[in-house]
Amino acid sequence: MASFGIYGLGRMGQAIALRLLRNGHRLHVYNRSPGPIDLLVQAGAQGATSLAHLVSQLEAPRCIWLMLPAGEPTDEALVALSELLSPGDVLIDGGNSYWKDAARRAAMLEKRGIAFLDVGTSGGVHGLDRGFCLMVGGPAEAADLVDPIFASLAPAELAPNGKEPHGNRPGFVRTGPCGSGHFVKMVHNGIEYGMMQSIAEGFEFLAAAAAPSRLANEKFELKLDEIAEAWRRSSVISSWLVDLAAEALLNDPQLSAFSGRIEDSGEGRWMLHEAIENRIPAPSLAAALFARFESRTDARFGNQLLSAMRMGFGGHKEPPSPN
Amino acid sequence: MASFGIYGLGRMGQAIALRLLRNGHRLHVYNRSPGPIDLLVQAGAQGATSLAHLVSQLEAPRCIWLMLPAGEPTDEALVALSELLSPGDVLIDGGNSYWKDAARRAAMLEKRGIAFLDVGTSGGVHGLDRGFCLMVGGPAEAADLVDPIFASLAPAELAPNGKEPHGNRPGFVRTGPCGSGHFVKMVHNGIEYGMMQSIAEGFEFLAAAAAPSRLANEKFELKLDEIAEAWRRSSVISSWLVDLAAEALLNDPQLSAFSGRIEDSGEGRWMLHEAIENRIPAPSLAAALFARFESRTDARFGNQLLSAMRMGFGGHKEPPSPN
Amino acid sequence: MASFGIYGLGRMGQAIALRLLRNGHRLHVYNRSPGPIDLLVQAGAQGATSLAHLVSQLEAPRCIWLMLPAGEPTDEALVALSELLSPGDVLIDGGNSYWKDAARRAAMLEKRGIAFLDVGTSGGVHGLDRGFCLMVGGPAEAADLVDPIFASLAPAELAPNGKEPHGNRPGFVRTGPCGSGHFVKMVHNGIEYGMMQSIAEGFEFLAAAAAPSRLANEKFELKLDEIAEAWRRSSVISSWLVDLAAEALLNDPQLSAFSGRIEDSGEGRWMLHEAIENRIPAPSLAAALFARFESRTDARFGNQLLSAMRMGFGGHKEPPSPN
Amino acid sequence: MASFGIYGLGRMGQAIALRLLRNGHRLHVYNRSPGPIDLLVQAGAQGATSLAHLVSQLEAPRCIWLMLPAGEPTDEALVALSELLSPGDVLIDGGNSYWKDAARRAAMLEKRGIAFLDVGTSGGVHGLDRGFCLMVGGPAEAADLVDPIFASLAPAELAPNGKEPHGNRPGFVRTGPCGSGHFVKMVHNGIEYGMMQSIAEGFEFLAAAAAPSRLANEKFELKLDEIAEAWRRSSVISSWLVDLAAEALLNDPQLSAFSGRIEDSGEGRWMLHEAIENRIPAPSLAAALFARFESRTDARFGNQLLSAMRMGFGGHKEPPSPN
């Protein structure tokens, strides 16, 4: 069996490391800031003081899982490690990298005999307990070498309907050649954007119905937390995202800790770009992305121009502010 | 020729009355508040002190043009006038009524022998000079009776490309039976919503490109007023709405008089309702309507829930406010 | 305990009846066509030959669950039963009725002392095994009377993450007064529309990537059934709808049994109508509905006009058909 | 005054050349296929047999207008001409190039002392008579040199409302540095996409209302050609695109020459890409693009999956084909 290291101990990197330790793996970890290393050492990992140190601790064939921000940080780590590793070793990019970067990275590493796997990793911080859904792109021999790790990271749980999974390991798929793992993860996240937007629209609607000032004819005093809780089980929309919504509403029915300004990461944008290039209508994804853009935009020049045109043709004044 | 009155002297009612006076029509006017009556009397109209007085001033066959808010105000006026008018008279609803109301109103009036025309009227306050685009629904005999009025209200202008109109009077169409005039006007306004939204998105985009903080790679210092002015002539998007945008930007390139909160009137909603009922995709109209709704909504519970779900699965914090 | 009947033995009515029989309830059933009655009688139910017969079989207080098409069939059944039942009895509308119909129906029944519950019922035909998610609107006393039935219909399953439900019975919520049950079900289905559309867009995209002719630069040979299977567990999008997608793809990776013409039922439309009326942007729901409309529309006059405009300004010819 | 040539005599190139000849310019023209050269020679131009011949015919400072397909054809021509021209000459890209290509091209030419102008050109083949709307990016000295040409190409017409243009030459704007001309043209075309989609949706709706089978409650027999004709004048949506729609409907009210498969060119996509990158919601543009994608897609795997999921949870069968 291969000797295993992790570089990058953010929230996701820590969860992966801890799940592997729980499953009895011998693990070497490195991170740029030392805090998370100490935390993992307490949990049983071997800490490294540098990338070179990390590599030196491992026995060939070495497998190192990178869990770093996409783009430059991942590129820099791959270059640095390419100079430290040996032919036969394996590098794994478990982050949210752009799938088109994988081919370039694999080619760079291949020159030194190092194999590259692009592993789309879903499950968030809950993966520590639930396991991670893994989408693995890259050469089969390298994936075989890392397989004991994948086996421990992938979920043990059965399907939500209690049936046995069809065929292989649950929550795990080998997607094909280099790049396909992150490609499939991109699509996964595009679906995630749309599902989240659908849920948000539904609860926006319920909140409006519960607020007499918005849905004027309506006197329902809906309890959003109880409704979300009910929808978690046996409904057609039962899903992990509805689970999370229910838990958030249980903790704070007003969600007063959140302003509603929503970040978007790369995958949703990448998928929409790709849809445009390939003439694939993606109205639901676009709606989800635009809603996030809108959530972060306070002033809109276009809207001011709309008001100006309405004033221009009809003398229409703007409606008063609601407050 | 019929004797002609107008009830309802808001911005549009005044513009219609003034255009008729300019064209030499003898005109009787009434309005609930007296101010606009005085104004029209100075311009040459005969003022009335009540609806009954208005009716008594007219000789049969009487034609009265209503230019009132849609819904109850129009219904109340129709009922009141139905009791004052005589068989052979004509009532014209020139407002933005819901087209499905026309059949009911026509039936109510028909019992008393009064004809009803539903006239979609476009052109805004500029109609005084430009003429009004008229979409006339209702019985032909009644429309013939009112024709001298229509002839004066409709535009004299040729098509923008300088060619003669095909066939009849410019800017004028008899659309068919009762209700069809407001139906066609509803669709006109639906197109208007979409065109305005398209123009607004374009200028939003130009404004972002002109603001270094938004389109970061971009150093263009675009002058939106000059661009809008150029687009008015010979471009594919040349249109009266672009004219209005150019004039607004010329007056105030920052549009600082406008907050960007945009009202919506009934027609856009009615058309979207109808599209839903009849399985006609209308994504552009929906986008335009939703953008207006969005412009008036400061807080969104759905967005807060989106943030809460992201915190739930990934520990993601909300991005900071831009200010 | 109340005596219990079901009227309406379509797919959903049968599943409800069978689940109640499995849980030991004594059950009386009626249906317009006799076939399903025979089937239920074999499973242990008492069959009725008419509505009057059904009512005569029950002891007061009688509870009858209607599982009929929304609109007229439900109205007719409610009127007929209102004349057969007695004060203190309860009628339950478990179908996909329009929530605004509930108040009218409840008032009609209240005159005869009959209570009315509007119960949004989710779970589809799988509810027989999984249980049904129930959203119960109407008076508490009536809901209490029916509670043993609700207890058997609601799911026994825990939340997908294996945790205990917060508080009450899983998959069950009392939503408030009359109409609120179907209102909440309408919103549930609106979310369902959006989630389904998101999943469909994602797999559309994967299918395009797997088809070299669409995503030309791409050589991935993605196995959609394996990907769907993996996403079922521990991914952020794990959900019952992804379960169903995975099962469909496992049975037939080409989905060749389906043409892709998608029906829409009332709830999605009702929610969009409501969103329009209440100025709530619902872009994701609109996208989902329009995609369904589009799926059923072969020819589009608007598209022909687009082509004609392009020919008009640029002499552009239409692209050739792909086949 | 500079000596002037045109390379690229497609529909747009011919219209530009003919307008210049009409305005008394001495003009040299070249095209890869000889047919259009002969046509222009008959109209008074000097024909060239090669790019080198074209250049040799011109006196310094030479100005050559390229009207070629975007991308490689334009790049190849620029490279070839850069080797034939001299310092002080000017190259003009009047095609629909991607605005980000302009900086690279200008830098390549600058090394040889050749100035580059990127000129967004709108107006279509009608520009011959109407004039062209020109959006000029690049250095002022070069634009000054070409100004007599711009003056002849720009429209003579006044604004549609008959007023004098504000300030400068109608239909003409200097947008700023290199790239800005095509950037502004991209936004222009984005607006065009949205406006066309809005008009198409409106007429789709009218066509449905005129077809009893679609809007079942409706008996209107709308004449779309007459309605379009009326909307051309004094309506809020009066525009050149409505003019084109009216003319197309006049020629063939059924538009039977068009299948409704709609091509999209680069600009709409580029603007949507840019909107995504810069977090600018562009729902109307996205709707227009997706409608075009949809118009060209006969089979949709995502829709098949939607049907499969509906079969999965509710046993729902697909609706029959309308034919």
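So that you can tell them apart, the chains are marked A, B, C and D in the order they are listed, and the count of residues begins at 1 in each.
In this text, a contact is a pair of C-beta atoms (placed from the backbone, for glycine too) under 8 Å apart; a residue touches a chain by one contact, two chains touch by 3 or more.
None of these values were measured; they are calculated from a predicted model.
Which is it for copies subunit B and subunit C: same residues on both faces, with over half shared, or different residues?
Over half shared, hence same.
Nearest 5 degrees is plenty: how much rotation brings the CA atoms of subunit A onto those of subunit B?
Rounded to 5 degrees, the superposing rotation is 180 degrees.
Compare the CA centroid of subunit B with every other chain's and tell me the farthest one.
Most remote chain from subunit B, centroid-wise, comes out as A.
Using the touch rule from the top, work out which pair, C-D or A-C, shares more C-beta pairs.
Spelling it out, more C-beta pairs touch across A-C than across the other pair.
Counting only Cα atoms for the centres, state how far subunit C is from subunit D in Å.
One centre to the other, that is 47 Å.
Between subunit B and subunit C, what distance separates the C-alpha centroids? Give it in angstrom.
It comes to 40 Å between the two C-alpha centres.
Give, as an integer number of Å, the spacing between the C-alpha centres of subunit C and subunit A.
Using C-alpha averages as centres, the distance is 30 Å.
For subunit B, write out the residues touching at least two other chains, lowest number first.
Counting only residues that touch two or more other chains, subunit B contributes 123-124, 126, 197, 199, 201-202, 204-205, 208, 236, 240-241, 279-283, 286-287, 290-291, 294, 296, 313.
Provide the residue numbers of subunit C that touch subunit B in the complex, in ascending order.
Residue positions touching the partner: 236, 264, 269, 272-273, 276-277, 279-283, 286-287, 289-291, 293-294, 296-297, 313.
Taking the complex as given, what residues does subunit C use to touch subunit D?
By the definition above, subunit C touches subunit D via 11-12, 123-126, 196-197, 199-205, 207-208, 240-241, 244-245, 247-249, 255, 257-263, 283, 291-292, 294-296, 298-316, 318-319, 321-323.
With touch defined as at the start, can you tell me which subunit C residues reach subunit A in the complex?
122-124, 126-127, 130-135, 154-155, 157-162, 165-168, 170-177, 179-180, 183-184, 187-195, 197-199, 201-202, 204-206, 208-209, 214-216, 219-223, 225-227, 229-243, 246, 250, 271, 274-275, 278-288, 290-291
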